[in-house]
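You will see two complexes here that share subunit A, one where it goes with subunit B and one where it goes with subunit C.
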Partner chain A sequence: MARSYKYFLLMPAIAYLLVMGIFPLLFSLHAAFHSTVAGEYQFVFLRNFFRILEDARFLNTLRVTITIMIAVIAIELLIGLGMTFLLAYLKMKGITYTLTQVVLLLPIMMPPIVVGYTWRLILDPFIGPINEIITSMGFSRVTFLTIPNTALLSVILCTVWYWAPFAIVSLYAGFRNIPEELYEAAAVDGATGWRSHRYLTIPLLKQVIVTVILLRIMDLLKLFDIVFVLTSGGPGTSTEVVTLYNYIVGFKYFDTGYASAISYIVLIFSIVISTIFSRLAMGEKK
Partner chain B sequence: MKRSTSAITQMQAAIIIVILIVVVAGGAWAYYYLYQPPEEAALTVATMSVTLAMPWLSTSDIPGYGAQYWAEEEGVEVTCVEIPIGQLYDKIMTELRAGTGAFDIIAYPSYWAGDIMGGDYVLDLDDYLTQYADDVELAYDDFKEVYRERLNMWGGDTYGIQIDGDVWCLFYREDIMENATNQANFEAQYGYPLRSPRTWDEYLDVAAFFTGWDWDNDGEIEYGATEITNRAGAYMIWNYWSRYAPAIEFPDGKPGAIYFDPDNMDPLINSPPGEKALQNWIDTLQYCPPGAEDATYEATWDHFLGGRAFMTHQWPDLGPLGNDPDYSGIVGKSGYGMIPGWEEAWDFETDQWVTNGTGLYWEDGIHYGSPLAWGWTASIAKNTKYPDLAFELIKYVVSPEQAALQAAEAYDGLDPYRQQIFDQGKAKTGKIAEVFADVLPGWENYDEFFEALDENIEVGVPDLRVPSAFRFYETLSVQISNVFAGLTTKDTALAIAESEWTFVVESLGTEYLLGLYQESLG
Partner chain C sequence: MKPLRIFGYCILILFFFYELFPFYWMFNTAFKTRAELRLSPHVTFFPHNPTIENFVVVLRRQVTAFVTPPIMNSIIISLVSTLITLILSVPASYSLARFKIKRSDNISFWILSQRMMPPIALAIPYFIMIGALNLLDTQLALILVYTAFNLPFAVWMLKAYWADFPWVLEEAALTDGCNRLQSFFNVILPLSWGSIATVTFFTFIFSWYEFLFALILTRSRATTITISLASSILETGVEWGWISALSVICTIPTILLSIFLYKRIISGLTLGAIKG
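Now for the complex of A and B:
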C-alpha cells in the first residue's frame, strides 16, 4: 500500500518528465531516421547519418566549433588562474576588492544578444572605437569581422570576455577552500610565491579545473547567440558553428530529419566528452 | 533523528496533488467549453519587426500607416506580430505548417510563393477580385502587370496582393558624375563618355575611376561602389542575379527560367554566365570600401548615404532614403539608372554566347535583366476566421492614397507598385507631387527615380518561386561568400552549389518540383 502510494505521489513528476523530456527526445530520434524534406515522413533508416559524413559544411562547422572550444577554454583558464592568483595576492596584502569582483562579474550578467551587438559595434571598421584608435595612430582600418581568421578570433575573444568571469569565480572559490595551513607548511619548506602556486594551488584546484572545462565544453557545444549576432557564421563559413548550421538546416531548410540527425551526433559527442571528463574528475577524487 | 515539524504528511501531499489535478483539468475544461471569442473581430498580421539590426526596415507600416487607422474606423482589433526579418521565414512557415492559425494575414517576399502559395496555406483571392472588380480603393487593374499577372499568381489563380513593388535599381552620385572635370578625365582614360554604366564591364570602369581619391572634397578617400556581400538572410544573392540574369538568353523566352533547365530541372548556375557574373562581382570588390568581402545591407547604405561610395545597386528604398535629411548626407545628389547588362548572353540551347540579339530584353546590342527582388506580398491564411475583414484590410493598405504615402516614406520598405503612382511620379503631378513636396521637399529629381524603376521593371526577372527557394538562395549565398572570404575558388563554389541544388531537387522530387517550376514560369 505504502509503495503504491509513493508511486502515486511521483506521478506528476513522471508525467512532466515524459511530456517535456522523453517525448521530444524520442520524437527527434524518430525524425532522425526519416526524411521530411518533401513535407511528409519517409523512413530512410541511417541515410541522414551517412549524409553527415559526406557533408563538408557540417564537418567544417565541427572543426570551427572545436577550434573555438579549445581556444576559449584555454584562454579562460589562463585568465581564471591569473585572476585567482591576483585576487589571492590582493587579499594577502589586505586590499579591498569587492568592487573588482562586481566589475569582473558584469559581462556574464549581460544577455548574449547584447554582448554580440556590443562587440559588433566595437569592432566596426568605421564607427568602432578600436578602429578609431588604430586610424588615429596612422594605421589602416582593420575589418575584423570580414576576414576569416580575424572573424574567428573576434568570436573567440568575445566569448572569452563574456564567460571568463565564470572561470575566475569558480577557480577563486576553489582556491578559498584550500586550507591556509598548507601554504604555511609549504612556506616552511621554502615554497613561496609562484612555487607555492605551482606545487600547491594548481594541483589542489585540479578538480575545479576539470569541472570548469567540462561545463564549458557542454556550453560551447551549444554556442549560438554570439556567433549569430556577431558574424552570422561568416565570412563564408569561417565562423559557422555546429548549432548555427543545425538551426539553418532545421528552421530555414525545414529538413527536420537531417537536423535531428545532426543534433544526435552532437549529443553523442557531448556525452563522450562529458564521460571522459567526469571520469577524470572522479579519478582525482579517489 | 528528530522529524521536522514542518514536514507535510502523506495525506496532505495527496490532497495537494488531487487539488492540482482538479485545478488543471478544470481549467482546461473551462477554457475549452466556456471560452468565447471576443465579439469584436480580431485580425493578426504577421509582418517584419523593427530590430536593432535594421531599425529602418519596418513593414510594420502596414499597421503603422494605415491598419491602425482602418481598425479604429472599422471597430476591428488589429494585432501586428512583429518578427525580426532574419526569422520571418522560419516563424511564418512553422506556424503555417503546424496550422496554428496564429496569423490571419501574412506579408512575405514573393520568392516564398512556392512554399506559401504552392503549399496551399493561403486563400485563393479570385472571388474577392471579382467582387471588387469596380472598387476604386482596390483598383486592381492599376497594379503593374508583372505583379498582378505573375508574382501574385500561382497555377493561374491569385493568392497574393502586392504591397511592395521591388525591383533592382542602380544608384549613383549624379552631382559627381556631371562634374565636367570628371567627365573629361574619364573619357580621356576609358575612351567613352562617363555615364550611368550600361554594361557590367562599364560598371567596373566607373567603379575603378571613382576609387582611391577624394571626389567630393570632404577630406576622405572615397570608393567606386558598395555591394551587399554578407551571407545572412541571403540578401546578397540579388547582387549575383543582377549580373547573372542579363548574361542569359532566357530559356523558352521566359526570364524566370534562369535558375533551372525548364525541361529537366538541372541547375543552370554552374555555367559560363554563372562564372562570368561571379567574376565580375569578385572584380568589383576591390573598388568597394574596406570590409567589402562581408558587407551587410546596412553597411552599403552607410557607405552610399554617407558619401563614401559612388554607386550601388539594390532595392528602390535607397531612393527616398537618399533624399531624407534625417538619414542621408547626399540629399538631392543621387542619380538612378537601369541595372547594367551584357553585350553577350549565353544560349543554353546552343551552348554559345549570343551577341546583338533581337529577343527579349535586347536593346542596342545589350541584353538586360533586372531582378524583381523580394517584393512584399500579402496573403490571407487559409484557416483565418475573418477572411472578409482580412481582405478589407489589405484593400485599404494598397489603396492609391496609401500607396502614394508608402512611395515617399523612406523607412517603410514599401516601393511603388501601382501604374498611377508611376505615371504621377514621372510627370510630377497628382497625389505623388503633393506627398513628395510635403515629405521629401529636397528631392527634385524624383521623376528620374520613377523613370528608372519603370525601365527596370520593363526588363524584370522574377525570383525563383518554387518550394525551398530560400534554401536554394542560401546555399548559393554561402558558397559565394566562401569565395569572397578566400576559402574556396569560384569554380569550386559554383560546383558545390550546383550539387547542393541537385540534392535538394532530388530530395523534393524532381518531377514534383519540375511541375511547380514550370507552373511558376507562367
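Now for the complex of A and C:
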C-alpha cells in the first residue's frame, strides 16, 4: 500500500514546482531567442546572446558584481573567523551567550528593503549621523552615495553589516561540532590558543568555509533590494549589479528577449555554483 | 579578569555597536518630529520631543493613499502563502524522509536547486504568465509566486529534520492499530511542532520581506508593505520620519519572533552550512 501512497504525497509539491519553476524557465528560453523590438516578435536565434558580449554596460555590471562579491565575502570570512576565535576564547555562558546569539540574529531579521533605507539615512550628507560627526570634527561633508568609489564602498559595508552575522553563526556552529578531545590532545602536544586554531580549527572548518563562500556567491548574485534603495545603481552605473541591470532592461526598456538572455547567463552561472555546492554537500554524506 | 579577556570583550562590544547602530538610528528617527528632522541645525542623537506622530501619519496613509492598506496585503499574502507551503511541503518531505523512493537523492537535489534559482530569471516569465492570466496587481499573484519560492526551502528543511526522526515510534503506533494518517497526526506531528514552527517562521518572513516581485507584479491594489516604504518619498523631499516609522512596523514582528525562536532559527540558518 505504501507504494502508491508515497508518490501520492510527493506529487502535489513536485507538480507545483514544475508549473511554477520549470515551465517559466522554458518560457523565458523561448523569449531569449526572440526579439520584441519594434513591436514584433521575431526569431533571432542567438543574436540576443551575441549582444551581451558587446554590451559595455553589461560587462560593467559584471565587474561591479564580482568586485562586491570578492570584497563582501573576504570581509565576512575575516569577521566570521575572527569572531569565532573570539567567542571560543571568551567561552561565554548563560545570559551573555544568549544575548550574543540574539544580537547576531537581529540584523538578519531586518527586511533588506529596510536595511537599504536605514543605511541611506545613516549615510545622508545632511541628516545622517556620520556626516554630523565628520563636520563636527571640522572636515567637510562627504556625499557618500554620489561619489562612485564611496558609493560602492557603502554598498559593500551595508551588505557586510547585513550578512556578517550569518558567517559568524555558521562558522561558530561548525566550531562547536568539533569534538573537544581534539583540542585536549593538541594541548598535550603543545598546541594551544592561536596555534590550535591554525592547525586544528581552520583545517576542520574547511568544509563549512567553502559552503559559506558558495552560499554567499549565490546570494550576492541575487543582490537587488539593497542596491535598488541605496544607490539605484548610481552614480552613473558605478554600483549597477547584474540583477539591477536585468531588471532595468526587462521592466524599464521592456526589451523582453534581451533581458531573458541576460537572465539565462545569470541562471547558468548560478546552476554551476549550486552544482558544486550540492556535490560537496552530498559527498560529505557518503 | 585577564587584560586579554577585557580586550576581547571590547572588540565584541565594538562589533555589536556596528550591528546594532542601524536599529538605534531607525528608532531614533521614527520618534522625532518633522521639525526636528528638517529644521534642526544639527543632527540630534536622541529625539528631543519624542512623538508617535510619524506612526499615526503612516498608519493613516496606509488607508488613505492605497486602495487596500499594504500592511493588510502583506499579512494576507504572507499567511496564505505560508499555509499553502505547509500543506504541500509536509506530506512531500514526510514521503521523502520516510519511504525509499527511486532517485530520491535526485528529487531532493532538484527541489533544492529550485531554491537556489536567481529570482530575476523568473521575473520576466512570471510577469508575462501572470499578465496572461489577468492576475496582475492581485494578492493571488504574489501568493502563487511566494509559494513557489518557499516550497523548495520548506521541503528541504523538513526533510532534514525528519531524517533523524525515531520512526520506531510510528511503527509502534501502526502495530497498535493506528492507520498512517492517525499515526501521523497523533505521533509524528506532536513531536515535530518545533521544526514546523521554524519552517513556518522562515516562509512567513520570506513573504513579508519580499521586494522584487512585489515591485513587478503590483501597482496599487495588492501593494505590499515593502513597496509602501517608497511612497514616503514625496516631491517635496524624503519623509525620513515616515520611512523610519514604517521600517519599525515592518521589522518589529520579525524581531519579536526571533527573540522567542532564536535557538531554532540559528539551527535553521546553519542547516545549509553544517548539514549540507
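We take it that the second predicted complex is superposed on the first by the 251 of 286 C-alpha atoms of A that agree within 3 Å, B and C clash if a C-alpha of one lies under 4 Å from a C-alpha of the other, contacts with A are read in each partner's own complex, and residues count from 1 in each chain.
The definition used in the following text is that contacts are C-beta pairs under 8 Å (C-beta built on N, C-alpha and C of every residue); 3 or more make two chains touch, one makes a residue touch a chain.
In this text, all values refer to a predicted model and were calculated from it rather than measured experimentally.
In the superposed model, A:N48 lies in contact with neither subunit B nor subunit C. Contacts of A:K222 after superposition: subunit C is touched, whereas subunit B is not reached. By the document's definition of touching, of the two partners only subunit B reaches A:P125; subunit C does not. Between subunit B and subunit C, it is C that contacts the larger number of residues in subunit A.
Once the two complexes are laid over each other on the shared chain, residue contacts for A:G236 go to subunit B alone; subunit C is not touched. Once chain A of one complex is fitted onto chain A of the other, the partner contacts of A:P12 extend to both subunit B and subunit C. When the two structures are aligned on the shared chain, A:T201 is found in touch with neither subunit B nor subunit C. Once the two complexes are overlaid on the shared chain, A:T146 sits against subunit B while remaining clear of subunit C. In the overlay built on the shared chain, the residue A:T61 is in contact with neither subunit B nor subunit C.
Legend: residue contacts after superposition of the two complexes on their common chain; A:P111 is shown touching subunit C, with no touch to subunit B.
Overlap of the subunit B and subunit C contact sets on subunit A: residues 5, 9, 12, 117, 251.
The touching residues of subunit B, when paired with subunit A in their complex, are 10, 13-14, 17, 20-21, 52-53, 89-90, 93-94, 97, 119, 230-232, 289-295, 302, 468, 470-471, 474, 478, 481-488, 496, 504, 507-509, 512.
Only residues 5, 8-9, 11-12, 15-16, 18-23, 25-26, 29, 37, 42-43, 45, 88-89, 91-92, 94-96, 98-99, 101, 105, 107, 109, 111-114, 116-129, 144-145, 147-148, 151-152, 155, 180, 205, 208-209, 211-212, 216, 226, 229, 240, 243-244, 247, 250-251, 254-255, 257-259, 262-263, 265-267, 269-270, 272-276 of subunit C touch subunit A when the two sit together in their complex. Across the complex, subunit C is touched by residues 2, 5-7, 9-10, 12-14, 16-17, 20-21, 23-25, 27-28, 31, 79, 83, 86, 89-90, 98, 100-115, 117-119, 121-122, 124, 127-129, 131-132, 136, 161, 164-166, 169-171, 173-174, 177, 208, 211-212, 215, 218, 221-222, 224-225, 228, 243, 246-247, 250-251, 256, 259-260, 263-264, 266-267, 270-271, 273-274, 277-278, 280-282, 284-285 of subunit A.
Residues of subunit A touching subunit B in their complex: 5, 8-9, 11-12, 35, 37-39, 56-57, 117, 125-126, 140-141, 143, 145-148, 151, 232-238, 248, 251-255.
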